[in-house]
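First, the structure itself, so that you have it in front of you.
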Amino acid sequence: SDALEIGGQVFYSRLFLGTGKYGQLSAMQSAISAAETNLVTVALRRMDAPFPAKDKQGNKKENQSLLSYIPEAVYPTKEIRQTVHLLPNTSGARTAKEAVLAAELSREIMETNFVKLEIHPDPTHLMPDPVETLLAAEALVNKGFIVLPYVHADPVLCKRLEEVGVAAVMPLGAPIGSNLGLSSREFLEIIIENSAVPVIIDAGIGSPSDAALAMEIGADAVLISTAIATAADPVAMAAAFKWAVRAGRLARRAGIASKGVLGEATSPLTDFLS
Amino acid sequence: SDALEIGGQVFYSRLFLGTGKYGQLSAMQSAISAAETNLVTVALRRMDAPFPAKDKQGNKKENQSLLSYIPEAVYPTKEIRQTVHLLPNTSGARTAKEAVLAAELSREIMETNFVKLEIHPDPTHLMPDPVETLLAAEALVNKGFIVLPYVHADPVLCKRLEEVGVAAVMPLGAPIGSNLGLSSREFLEIIIENSAVPVIIDAGIGSPSDAALAMEIGADAVLISTAIATAADPVAMAAAFKWAVRAGRLARRAGIASKGVLGEATSPLTDFLS
Amino acid sequence: SDALEIGGQVFYSRLFLGTGKYGQLSAMQSAISAAETNLVTVALRRMDAPFPAKDKQGNKKENQSLLSYIPEAVYPTKEIRQTVHLLPNTSGARTAKEAVLAAELSREIMETNFVKLEIHPDPTHLMPDPVETLLAAEALVNKGFIVLPYVHADPVLCKRLEEVGVAAVMPLGAPIGSNLGLSSREFLEIIIENSAVPVIIDAGIGSPSDAALAMEIGADAVLISTAIATAADPVAMAAAFKWAVRAGRLARRAGIASKGVLGEATSPLTDFLS
Amino acid sequence: SDALEIGGQVFYSRLFLGTGKYGQLSAMQSAISAAETNLVTVALRRMDAPFPAKDKQGNKKENQSLLSYIPEAVYPTKEIRQTVHLLPNTSGARTAKEAVLAAELSREIMETNFVKLEIHPDPTHLMPDPVETLLAAEALVNKGFIVLPYVHADPVLCKRLEEVGVAAVMPLGAPIGSNLGLSSREFLEIIIENSAVPVIIDAGIGSPSDAALAMEIGADAVLISTAIATAADPVAMAAAFKWAVRAGRLARRAGIASKGVLGEATSPLTDFLS
């Protein structure tokens, strides 16, 4: 009854997982299972084909490898695919043009029209480019994609993306991989207040308490990657995030009391011995 | 296997509940049940006896009412008592002497030698008195009590309380009733690092994310009162805290990754299209 | 020797002032004087001309009023103009087109090619539009303006603005008028680290300590409006900001020590009595 | 007109300096001068006398060295002493008894009845002991000292110290030497609200913005040690703190505007182009 709908797809879990940083495939699969997630992001990986295709002149074909040889590693198992939706991302794209190409390849290979749009020209902090993201979002919506753009926590940009037809917005909580939590909290609150599409907080969430807070301020879902993949025990951490997201969501719906230094006395009994 | 032991008693839940602020008895009972807690704090309530006992000279007996007429309201139901341990508090005491008296009355009436020691001379913020608390703690330990003192997040005081034999320390997270969370975080971390007895964070926790954070930094348990009792839906909020405490505890054990602005690239695939 | 240069103009003070929120003209003038600022922002105000100009057909001329009737109130006094540079802003513009028009009117009327580019379609939070801002910035640079854009604390956008030739970037510290300080601190630090043009923190700074912090993390200047104009005593507050900006700038240059809970003993004398 | 009075002594500067962490005597003297402070704390240093005094049996006298051989290094120059008041501290004392002894030695040697009472049994974090501090404070007040105790930011303890007659309280902002600023802010605000004696924030202040904030929330003065002494340029940093303290104090008196995300529009001109 509290399910989340994005692009016509229903998600019972509000915890989404990234898959790019696991050391081992088995750890990733176990973490996905423990998280009880319904959505994982996956990236295409470029590999050289063992026998590269060549054109008539004998030259190696551009991008041939990409289309033909997707490593098994980026796919969760068949068991996982029965309950988990794949969300291809455009990680690595630096321009709208590259992102649109990546999205089209993903759609063909992964057989889904969902795409997490990521465009980050900066190799250090992997911050998203607002202008290219808006351009690519509009193009992809027009090509029939269900677009979920990764963006700075910029309320105006989120609104403009909504206007061009994205299915959800994915503002960052903090610099990617930083585990700093909700550095952009005040801006996220404005985005959530104004958004007509689901708001999924992506990047920066470092621990379950951050995820719970994201849900408490009204996020519709969170996407966790580094914080689970680089934990000492990723499987236990995945379960911890699962509980935290439920806790935060339930608290949001239960009506969180307001803050303020001057509380009432905690007890009606303070005059007990007087 | 991850149970908490205090004074020879084993607690499977690390979420403790205060009972002083519920509007209705039934809401309190349902919240206790939803929280799956093993420990609730209760306070004595002073009532005038309808027919005050008198001594042989016909004078009204001091404190007679207290000993004889404990309102049912402060007791959870029999069903609850089978799984929930009662922790009487000395709320309302302003001096060590008053607190010792309140503890002795509680022991007699509630048939437990556990006591949450609270001494707060300040009626506005209900901040604990460090000096009277240490005095009372030592006296109560000598009288055979299992003492859990509510204190400021003062590392030296916590160590001195441990030295006089308290069973746990209960430093405050933030001003009582403020819902501000872990205002005293840096000091709590020092207390946790140095304590040989369990550390239970009491007061100020306003939402499940705060409780998860308390557990993530290494608290052994949290005590929640205002944040559940004054939520729009206290029963749902109790469940939310239950999950958040589990999430935080599990995350602590799973090894939380460190924070830092300059994360690695989130994905090995960033050179995908180059 | 520590002067700031923007667009060929030298500024000895790193405290810039907004003028839009003063209740009285005299308070504004006194505050500008007390702040010892070298730069104030001013906005055009639309007034209906008492006798609107008409064209040959007798129709009222579009924008006639704007060109002809600029209220004296928005101009500081002649004395102020000898040491204070005026920075017209495009406040009220909702698109690149409107902003370019406003900039051109300002240049004609105020006789300066400096412009603070503000485009905020959202009337509630006055958040800047990243896409329109980049478009307008490029257009204005091409028209010979010295462009200082007000932007979200978005590192990629700041870099792109730099690439189209802006003279400085003006990222926001927190939602405008909120007095929350440096909500976007982590992102400001990344912007400062990477910027080849001066970084002026605009919006959200609520008190002198916020301004000092902005300078300590490496901002080149700060722009203060609400926090001075709405203080109980704006003139004293202007002086307070003047000192705080100097303090923060000097501290930045003096090398701030790093943070960390485990300090060394404060004194070599701790074994004094042993 | 805004001078601070403590124990009958008037202080024109609200910036107090610690002297224990300078690498060089000359740097300390220049920093004191640049800070324009009226009060510095100094500690006794134990040195072996070159020719230790012996008693009649030829045994080395206990504490002889302390009484007779105070190194010049701990004294500021004569020039400084004309405007700067010395505040001996009891650094190194672990009990009330040791602190009282140290205070008495300081009074004899330094010819002042002011004493900064510091009792920290914990050698790692140098946190103050609340119980011993209260005991020593009462004893020292009774011996005619002007007592300024260094304490945890504990509102009840500060009130009790005030009741035994201390001249000011010196709660910590954050763990000593941590440069974390005002970690204990919410508690400091309660102390300031309730205190009848001056409140001087001691320990943890890491940069001028922290000092400005301390003054903005209503502290009467701040004591800075590590943050100046360990700066790359201590003299410039001392000047930076001087300005920041003035800025914060002036802002407090000028009436700081309140915080809140939903500011009014910054300008009355937002409908400029409509």
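Letters are used for the chains, namely A, B, C and D, taken in the order the chains are written, and counting of residues starts over at 1 for each.
By our rule, contacts are C-beta pairs under 8 Å (C-beta built on N, C-alpha and C of every residue); 3 or more make two chains touch, one makes a residue touch a chain.
What you see is a predicted model, and the numbers here were worked out from it, not measured in a lab.
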Along the shortest chain of touching chains, how many steps lie between subunit A and subunit C? 1
Farthest from subunit C in C-alpha centre terms, which chain would that be? B
Dist(centroid_CA(subunit A), centroid_CA(subunit B)) in Å evaluates to 37
Between subunit A and subunit D, what is the separation of their C-alpha centroids in Å? 49
Listing for subunit C: what residues touch at least two other chains? 120, 125, 175, 178, 180, 186, 190, 261
Residues of subunit B touching subunit A in the complex: 18, 20-21, 43-46, 89, 91-94, 98, 101-102, 123-126, 175-180, 203, 206-210, 212-213, 216, 225-227, 230-234, 236-237, 239-244, 246-248, 250-251, 253-274
Of subunit B, residues touching subunit D in the complex: 120-122, 125, 127-131, 134, 152, 154-157, 159-160, 174-175, 178, 180, 183-187, 190
